[in-house]
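Once you scroll down, you'll see the structures, which are given as structure tokens.
Here chain A shows up in two complexes: once beside chain B, once beside chain C.
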Partner chain A sequence: MLTASLLVLGQSLGVRVDGERLRIDITKARLLVGEPLERLHDGASVTYIVQVSALTARSGSVLTRTTYRYVISYDIFEERFQVSRIQPAPRVLSHLSMAAAEAAMVDSLEIPASSIPPDRPFWIRWEYQVEDPSQSADGGMSLGTLVDVFSRKASKGPVGGASESGPFRLRELPRVAPARGASNP
Partner chain B sequence: MNRIRTRLILAFLVATVIPLIATLWIMTSLLEQSLSFATTEQLDRLSTSLQDTGRHYYQQARETLKASVQRDSIPHQTFTVNERSSWPETVTDFWQSGEPDRFAIAGDGGSRLDYLVRRENDVWVYSRDLDSRMDDLSNEYREARKLVQLAQERDLERGFTTTLLLLVISVWFVSFVWMIYLANRVSRPIQQLTAGLAQLAAGRLDTRIESKSDDEVGRAIRAFNRTASELEQNRERLVYLTQIASWQLLARKMAHELKNSLTPIRLTVEEILARQPSSDRPFMEEAVRIVVSEIESLERRVRAFSEFSSEPEVRLTTVDLNAVIQERVALLRPLHASVQYTTDLAAGNPAARADADRVKGILTNVLENAAEAAGPRGEVVVRSYIEEQAVCVEVHDSGPGLSAEARRTLFEPTITFKERGMGLGLSIARKDALLCGGDLTVVDGKLNGAAFKLRLPMENGTGGTDA
Partner chain C sequence: MKNLLLIFFVVSVGSGFGQVTWQVLPNAIIERVDISGVPETRLSMELRADIQKLVGQPYNADVVRQVADGIPIELPEYIAGVTPQPGSQPDRVRVILVVAKIADNDALRNNINSRYIVDAVEIGGGFKTKISDSLNTDLQSMVGKNLDNTRAEELRNRIVKENGGSVSVNRKLRRGNSPQHVKIVYEVEKSDNYNFGFNISGLGAYQSRQGFSIPDLKVSASSTGKGKLWAEIENDPFPLIERYAGWTGGYTLGSESARFDVSYASYRAQWKENTLQADAQSGDSPGLYRLRDTLATSLTASLPLRLSAMGGVDFVELQMQTPTLGFQKANAVKGSLSSTHSRPTESGSGSHSFEWMYQIRSGTKSLDSDFVYTRHKWTASYWYKRESNTVFYASFLAGRATGTAPMFERFSLGSVTTLRGWNKYEIDPLGGNRVLHGTAEYTYKFLTGFYDVGSIWTAGQPGTTRHSVGFGLGMNGCKGKQFFNPLCLVSIKVGFPINGAQRPALIVGM
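Let's turn to the complex of A and B:
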């Protein structure tokens, strides 16, 4: 069960065609909340996995999917976030406010448009999940491992959320205007 | 039911379970006490306080630096757009963010505070050293919060207690299984010994128990086997002596009756010859000679039976067995000149406690039989040695050996009419050996022929080494 699914329901999702790709614009997404945010405030890094999928229908089969992986960290003195995208193309954005950090995780989400039929309706599903650091046990059997296993409290389940929007038709989607040149460096 | 094993297992249970429970109770109590001293709550408060202090210090450092910049009392480093390719990452990142200014922790371990300000196409960077290493402080805070979070996410008391119980019970269980194995191993020979004793008491003197161990139980089993063996031999000797006594009685009566009949027969035949007329005398003389010869033969056997049935008193003295052997061999060597005699005698001339005349008779009989069995150009080996407080003599010959039937009936007294011997020699020899406290037995021959072993008690105070 994804415990934070309600938190993402208030977001809005837009889809645009950018050449051979679909750009997914998500706004008002609240990802830095609850236990992951506490861990960030404690100085720890938190890994987020964001997936965007094109579905044949609501909860239907997957036409195409892209997975993004982010490592978020927090500067306890500057009180700013850093978002490091590890997958697919590495990228680092630092000195971000919470809203900017959340936006950094959901902007520029793309999926290939080639596998989506132009005239058939499809749905976009996006979901995120926070990696549980307590599950990353080092292999092997030792006294420490035994104590760790027996002292674990009942898991609250993975933190994450999901949302679906649609239906969309590829030919009806707005196109991204071609760039006129570089603006601010 | 294997009671010893059950008792051993019960003893193990009693000896371990109660101390184990007590130990576990003490350990879990100590563990509980120890965990109650844990400093998680203090660490939580301390780390939060550390963060607040650090943040406050950092804010003050920022304000101080910014004030210095506003007063223009601090130098700056200029990064121009023309040299953008050589900018440090922090400057590039700041330029791309579009922010008008930014503070950044820099330097070794975060010991410097930079203030980056956008100035048209340049970035000016003002710096000041910090009294604290902010990155180190941040790392320490992170580690402290990690510990706090770990403690909050874990029930360490339950984890330690469960691990302790699991490990202790596992170790105890392995010990218990090992104990069952040991109990079986210890009790099995004792059980065998008990069963063997019961069989022995029921009269089965051929009962023996196998044992490879060299511990007390192993020694007890060997003692049992030795005792059972001696009991079996003694019973067999007793039976033999009883049979011999019966045969002696029979021989005595038969000799008496024959003797009573032979004397009148001989006198009558001689009288018949005396009264014969001279015309028939040659025939009668020949007939009488034959009859008298047969009577004399019968008289010899009667004398043998008389000797067999006679039981002279046993006179035990110290007998130098090596000397007797050498004397007997020297006596027989001329009579069997073609037989090769070899002696291998025990060092130290061990003395036996026996009847010297009977020992001589026994050795003469056995050596005579060996020489006859070996035949011309045959070989006879005589060796003496000490074995378990006894002096032994073995006589081996190179003859044809003994059949299984011969081995079985060898010492039974028989009546033969062969030219030499009456068939009583070996039975008399064994009887004499038994009367001396020893025995005469058949052993495996080393010259592929027959072999006899005379065993006599060793005289106290004498000794030697096993040859």
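Let's turn to the complex of A and C:
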């Protein structure tokens, strides 16, 4: 059951327990593609929202969720990427190759384990979406804007993807060994 | 720290090596290399050795830069620049490798290209574009400065607006003619011919003693070069003394620089008991009406100095219920002058915005109006946004009406944006013909504190200055997934009247 990873969009998803948190491992994630990549090559910033959720079932309700927000830019002289994590804990990595930039966006993903019952099965869902540049501009947000976004003529579909994996049980998951000298959480 | 960083980027990265006031002599020998901004021990032994190998070598900007580029490769959260300094002899040079943390500079954190200097702004693409002198001035003002993505995007939006939304504009960054310099290219293309839209402008609002307004439902259809047809339904108790409910529709032709509008509105008016009683008892009341139909026309033009001017005529028919049943006209000429200014803060991470407007409306016998009056209104607002989570806002309102203005032209305070906490029906149920009001508001992240002060009165009668304070929960400037944050969709404010017998008022949704 622990190896029941579902491959979607070419990437794999695994889960480990690290103290009070679940660490999510994503490999082979291809995020910098298509129109967002074109915008980056044109010197624009592109915002990616990555979300990790623990679900009661594959299409079940959310037990817990963590949202990550990244602003990516591409140095047009050095031809290297910069990944700036805005949320939750700000962090900037620069001078990255495309593969390293993609890895930086799926590195250190985690959700709190405290909301997940230890004996009940759960699923992990990882998803990302590229923010529409028209939403990136400063300005008030309201239900009106929300309806406007959903009702306007769609020129290009939103860029995003998702991957699900499960079922898992908390007590059966592999645990990250504590660092030597660290107190046992 | 941010200012220091900016100086560092301008001098050591943006301006290039040979453009500072002191210049390195040809074949000058590097006598020393220092690293600033990060402990040398954080670099690998190999990189430190490469850096020290520069000592004794003739100064070569490209070679020094290549070595400096090794620093951010080892420390990807940092950026490095090169600053040559005079050595102990005229033919000697001291090199400082200035290292700075990217996270300390908002502009760099959001786009690494912000460290480069703009040396040209170009308009390209396959469509002839209208660019006003003021917009062109603003576009060219980016030249010679570090790339400011927020500013560049604002100007992209202005190109679209000045062309009446008939174009799509892609902003691209290209390498400039010299190292570390870039050019911004706005590629303009003709947009789709037809566009249909449906939106809800505003969430609507609730005030605990005045009730709900429903969101304005608007449908529109536009065609490039042929204008925009729109229709909207409204039901709102807040802007006027009356609650008005009905529909409005219109046609807009033109662009941001020159626009013609014609619209028709039909509203049913509902009056609170306080207003009905005051109308019955007061000799100052201009009379209440059941229906208000308006045919409005206007011409709006953009002027130099960011000014916008509007002139027009409104034909208004009122179905009166007091003092006598019947129809009356409130036809008026109208005009306004307004201006909006916005500039980024010195750090580039915030902005100052200021806008003001003067409006005049005059009912006159020459337009066959039964109400003869002149109404002046002045408004001004200022915002100071510091980064994304702190906003200071202040606004001012003054109004004066002479003659006999109809109820919809009378001023009121004590609603969802003015004297929050007070109830306009208890302050002045018939409204007034003089008004003064000011607001100061400070928002940190999702928490807002505000102070309102204002006075409304009728000429010849004493006025009372009222104050209110309050707080609110809500978020502005939400992006992306924040759509689903409840504080982005709905805000809650509580206003407390000061020295008043009224209870606090709850305001939701503004």
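Keep this in mind: the second predicted complex is superposed on the first by the 151 of 185 C-alpha atoms of A that agree within 3 Å, B and C clash if a C-alpha of one lies under 4 Å from a C-alpha of the other, contacts with A are read in each partner's own complex, and residues count from 1 in each chain.
Throughout what follows, a contact is a pair of C-beta atoms (placed from the backbone, for glycine too) under 8 Å apart; a residue touches a chain by one contact, two chains touch by 3 or more.
Computed from a predicted structure; not experimentally measured.
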**Request:** Please work out whether A:Ser114 is in contact with chain B alone, chain C alone, both, or neither, and reply first, second, both or neither.
**Result:** neither
**Request:** State whether chain B or chain C is in contact with more residues of chain A in the superposed arrangement.
**Result:** C
**Message:** One more residue to check, A:Val71. First (chain B), second (chain C), both or neither?
**Reply:** second
**Item:** Partner chain in contact with A:Ser94 - chain B first, chain C second, else both or neither
**Value:** both
**Request:** Examine A:Ser61 and indicate which partner it touches, taking first as chain B and second as chain C; both and neither are also allowed.
**Result:** neither
**Request:** Classify the contacts of A:Ile49 with the two partner chains as first (chain B alone), second (chain C alone), both, or neither.
**Result:** second
**Fill in**
Both partners, chain B and chain C, contact chain A at residues 42-44, 75-78, 94-95, 143, 146-149, 151-153
**Prompt:** In the complex formed with chain C, which residues of chain A make contact?
**Reply:** 42-45, 47, 49, 51, 67, 69, 71, 73-78, 82, 84, 90-96, 129, 131-132, 135-149, 151-153
**Complete:** Note: in the complex, chain C contacts chain A through residues 69, 72-73, 76-79, 101-103, 109-113, 116, 147, 149-150, 153-154, 157, 170-175, 179-180, 182, 192, 195-203, 215-216, 385, 388, 475-483, 488-490
**Asked** Can you name the residues of chain A that touch chain B in the complex?
**Response** 39, 42-44, 75-79, 94-95, 134, 143, 146-153, 184-185
**Prompt:** Which bits of chain B are touching chain A when the two form their complex?
**Reply:** 51, 54-55, 58, 93-99, 102-105, 134, 138-139, 141-142, 145-146, 148-149, 153-160, 162-163, 166-167
